[in-house]
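The same chain A turns up in both complexes below, where it pairs with chain B and then with chain C.
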Partner chain A sequence: MRFLFKTHYNQDIDHLKHGGDRFWYGLLLVLVAAAPAALGTFYLGELNLVMIYAIAGVGLMLLVGYTGQVSLGHAAFLAIGAYTHSLLLGAGLPFLLSIVAAVLVSALVGAGVGWIALRMTGIYLAIATLAFAMLTEQTISRAEWLTGGFRGLAVPQASLFGMPLTQGWQHYYVTLTLLVLTLLAALNILRSSTGRAMVAIRDSEISAESVGINLAVYKTFAFALSAGITGLAGALFAHRLGYLSPDAFTFLISLQLLLMVVVGGVGSMRGVIYGALFIGFLPQLLAIARDTLPPRIAQAPGLEPGIFGLILVLVILFEPQGIFGRWLKIKSYFQLFPLYRRATHRRQKTYLRTERLR
Partner chain B sequence: MSYLAALDLSISFGGIRAVDDVSFDVEEGEVFAIIGPNGAGKTTLFNLVSGIYSPDGGSVRFAGRDITSLPAHRIAPLGLARTFQNIELFEHATVLQNLLIGRHVHRRSMALSHLLFLPAVRREELEHRRRVEDVIDLLELAHHREQRIANLPYGVRKVVEVGRALCLEPKLLLLDEPTSGLNPEESEDMGFWIEDINRDLGVTVVMVAHDMGLVSRVAGRVLALSEGRVIAEGSPAEVQKNPAVVDAYLGAD
Partner chain C sequence: MVNFAQGDLMMLGAFVAVTLIGGVGLPWVLGLFLSVLALAVFGYLLDAFVLRRVLGEPQFAIVMLTIGLGFIFRAVAGLVWGYDPQSFPTPYTGKSLRVGEIVVSYENFAILLGTLVLCVVLFLFFRHTRLGIAMQATSQNQLAAYYVGIPVKRVFSLVWAISAGVAAVAGILLAPVSLVQPGMGFIGIKAFAAAVIGGFGSIPGALLGGWIIGIAEQFAGVYLPAGFQEMSAYGILIVALILRPQGLFAQIQRKKV
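Here is the complex of A and B:
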């Protein structure tokens, strides 16, 4: 077990708290940077997709895990980011500028949705965001003059600093860079007063108000931030798809994003990465499993969504803190060995709160 | 002009007048207690003053300013902090984070600079942390600093909530039943802290209390409510002897 001797408040503010952190995160960065040399095209592409999911997951986690606002409509922001990026790229805007524009447009729409949904919480908010996603899907399929509707929209070839992005490894490095920057920005927000205000709104709106937090402003900001980051993922996702059509951004994508956040561990940024790995590689595992299963089970329709749903139910029942929570438990088991007790991580009961003001 | 002045405050929920034409004045630097049997409207009165509810009639003035129609998040920066009867802490955050959230009204940087965590933001964070550590020292919370609220016993949560209110550096502190649910030892500590906060930090305190021992020890003046109306006002000893108060608590004979 590690005992930290703290001598300065900066040690609590820094992202990497000690030598161990610096070593392991450094090693991870080296490994992912070296991945293109070791992996084949297929797995590199899959890893790229995982990182795109992770970016979208960071966006959704800020909203769901830290601000406590549920969204079942994040596929819409993914779509808005993807279409904005493709259209602007087609209009001749440089790659980076068009990505920035995609982020800004998504954030703006997100702010609008957040502002409209201010008074809604819980299940009503989930329904409202779901309705918004349906609306977006319909709008994209009807606005043929702009988006091509169901005929689709070819994503133009991008080029960065005069170099055309054609190879898988080029996209991989672009995504990796943006993922690292997104994570840093999100963690920066979380260690400052804005992030604390978001957490405050999640845990108790009434006392957030009484310490001077403007609920409307921070909820709208959280929506805008979340939508902007998801829009960034959408722009990258467009290149992965190569061809955009409304049915690439259905309700199932929204559900998958939410599943990622829940399975990874609500309220932790590392959980996003675990969740993204899970969502990204589970279909591969299922495909491999299919080869060994008897054909009657392997070919059954709806096997994949069924297993996704089953996993979601099991996680919520048995490990509400997700993969990240499980990791914490395993870690403390070894740190405290042989003194670990199950009760250490037992969920504490919340004291009764009778005063419901709103 | 008194520091906090409520004039003819009223609010109804459905057919019930929870607070009915209540007026009171609190002078700067005093400890003012509000007592009354269950359902007398004490907490509702607090919610009216702190902007959680807006009154049907009447007005509230604080430090020479009309705050009747201001929302809660605009009242807090004026220097008015409060606690809740049933504890409204941020359960899934640590004690330190809870106290830092209490510094919200003193933030200076914008959300966009937080994305980059500019050097100015770091300097601000260090300043917040120093102020929070002062509160941790005062309330002896150092031992629990890194604990999540969900893992803390009830008594400590009560103290953390007072700590969070103090982090606002308020001029006026509204304490809603600071000793409810505490054991005698914890209640006594709370009494000392209220005295310290009032005397050493110069914070005006208004508290709702059931514990007459605490009220007689720390409060200078007492307001007694029953069924939403003021029934007595004066020093603790006077109010305790007032026949209307005895009636309200024990019933007329």
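Here is the complex of A and C:
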């Protein structure tokens, strides 16, 4: 085991606690930055998609994992970000400005949804966000004068600092930079008083309120923040798609985002990355698995959602803390080697009471 | 306990009925009875083997679990029965009831009658039987119900059996009107909206909620531009949640801390 000798108060809130952390994260950054030189176009594109998912996942994790508000409608924010970005880009705004505008518009809508959702908790909130996502999808498909409806909307070519973004590696670096910035911003928010207030709300609304946290302000802020970050992912996703239509932002996408957060591990930023890798490369794994399955099963149109559902069920039944939770368990097994106890990681059970008797 | 897979249980019930009535050739009444029984057993086993494991986990886990189950059911139904819409003959297919000037097809009349009978039976069951009251107690406070000697786990399984059976009845009644296909469970989201608007835990509330949504959809289809019909259910749901988050017929008033 490692014992840290602390000589300064700021060491308590350092992102990288010790030399080992610094080394491994530095190595990871170098590897990721060098990836375009080593990977082919296809895998670079897939990695780009994984990072876009990761940005959206950071947004959703802030809401679900750290503030405890479940959203089944994050595809709507993804859509709002994507459409705002492409429309503004089409209107001649520079790339960076239009991304900022997409983030702001999504955050504004998110604040509105969060404000409406203040009176709801738990399951009602989930249903309300689901209804909001359905409404957004319908609105996008009907507002043909703006979004082109089901005919679709071509995403204009972007250019950054006078250089057109055409190559895969250019998009890759843009996404990588934004992902690193988003992660840093999220982690910094989480170690500030705002982030602690969010975590307090997640753990108990009543105790958070009684130590003077304004629930309405922080919940609305968390929604706006989460929606803004998801909108950023949406703007990048638009370039990945190249052509926007409402059926790119269905309930299945909301579910995929949530699946990512759950599979990665609710309540950890590393979990987001694991979840994004998992979701991003799952279609490839499925494509490989299809070759080995009998054709009647492999060619069934509903197979992919079914597999998603199966994974969701298995994760919730057997490893509710996700990949990150499993990693923590393995790590503490080796750290405490002969003394590891299964009960260390057991969670307290909470028995359900009707939500109206809060 | 909240079930996002309810619509998919309904779809499974309808498919079982398709197999029993259309495939095997059983009489309609017997087929109905057997499908409901099959789904009830399925619901019981589902709870006993899968859902019971998340008892005591946060509610979020249950929501995600039932969503996942719904996707699995849809995929399995697609594999077993295919994606073509199917139906089965009923004794009342194609006939219509004439009352004065009004003509109602028996298919819609059966839905109306079936809903009413189900509601009355369920209402009486939850109000007057020991088991029904035990179920209400369990839904209000699991731990307290356990302390007073209610076998909470078995009660949960029975609740699932009943709800799956009711879903099967809904599916069978709906089958002649909207054909049976794996995606038919999406109507479940609207059923959810109905339950939320009426207030969870209130059967008259669910009935009223369903009625409001149904009427609003029809009116929106006629009087408002295209597209509002699909949106109206969700719009009403959001408005209802803003104005009266506890539902029209709240089961219990909010407790002050």
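Side notes on the structure shown:
Convention: the second predicted complex is superposed on the first by the 347 of 358 C-alpha atoms of A that agree within 3 Å, B and C clash if a C-alpha of one lies under 4 Å from a C-alpha of the other, contacts with A are read in each partner's own complex, and residues count from 1 in each chain.
Here is the rule we go by: contacts are C-beta pairs under 8 Å (C-beta built on N, C-alpha and C of every residue); 3 or more make two chains touch, one makes a residue touch a chain.
This is a predicted model, so every value here is computed, not measured.
The superposed arrangement places chain B and chain C next to each other on chain A without a clash. In the overlay built on the shared chain, the residue A:I116 is in contact with chain C alone; chain B does not reach it.
Of note, the Cα-centre angle with chain A at its vertex and chain B and chain C at its ends comes out at 80 degrees, rounded to the nearest 10.
Of the two partners chain B and chain C, it is C that touches the larger number of chain A residues.
In the superposition on chain A, contact is made by A:G195 with chain B only, not with chain C. By the document's definition of touching, both partners, chain B and chain C, reach A:I206. Contacts of A:A126 after superposition: chain C is touched, whereas chain B is not reached.
In the superposition on chain A, A:Q335 contacts neither chain B nor chain C.
Residue contacts after overlaying the shared chain place A:N214 against chain B, while chain C stays out of touching range. Within the superposed three-chain model, A:G267 lies in touch with chain B and out of touch with chain C [touch as defined at top].
Once the two complexes are overlaid on the shared chain, A:I13 sits against chain B while remaining clear of chain C.
Contact with chain C, but none with chain B, is seen for A:V313 once the two complexes are overlaid on the shared chain. The least CA distance from chain B to chain C in the superposed model is 6 Å.
Overlap of the chain B and chain C contact sets on chain A: residues 206, 347, 350-354, 357.
Residue ranges on chain B touching chain A, taken from their complex, read 43, 47, 50-53, 71-74, 76-77, 81-82, 84-93, 96-97, 100-105, 107, 109, 111, 114-117, 121-122, 125-126, 128-130, 150-151, 154, 157, 164, 168. Within the complex formed with chain B, the chain A residues making contact are 9-10, 12-13, 185, 188-189, 191-197, 199-200, 202-204, 206-215, 221, 267, 347-348, 350-355, 357.
Within the complex formed with chain C, the residues of chain A that make contact are 64, 70, 72, 116, 119-120, 122-124, 126-128, 130-132, 134-135, 138-139, 141-142, 206, 255, 258, 262, 296-297, 300-303, 305-313, 316-317, 320, 347, 349-354, 356-358.
Within the complex formed with chain A, the residues of chain C that make contact are 1-2, 50, 53-61, 63-65, 67-72, 74-76, 78-79, 83, 139-143, 146, 182, 189, 192-193, 196, 201, 226-227, 230-231, 234-235, 237-238, 241-242, 245-246, 250-255, 257.
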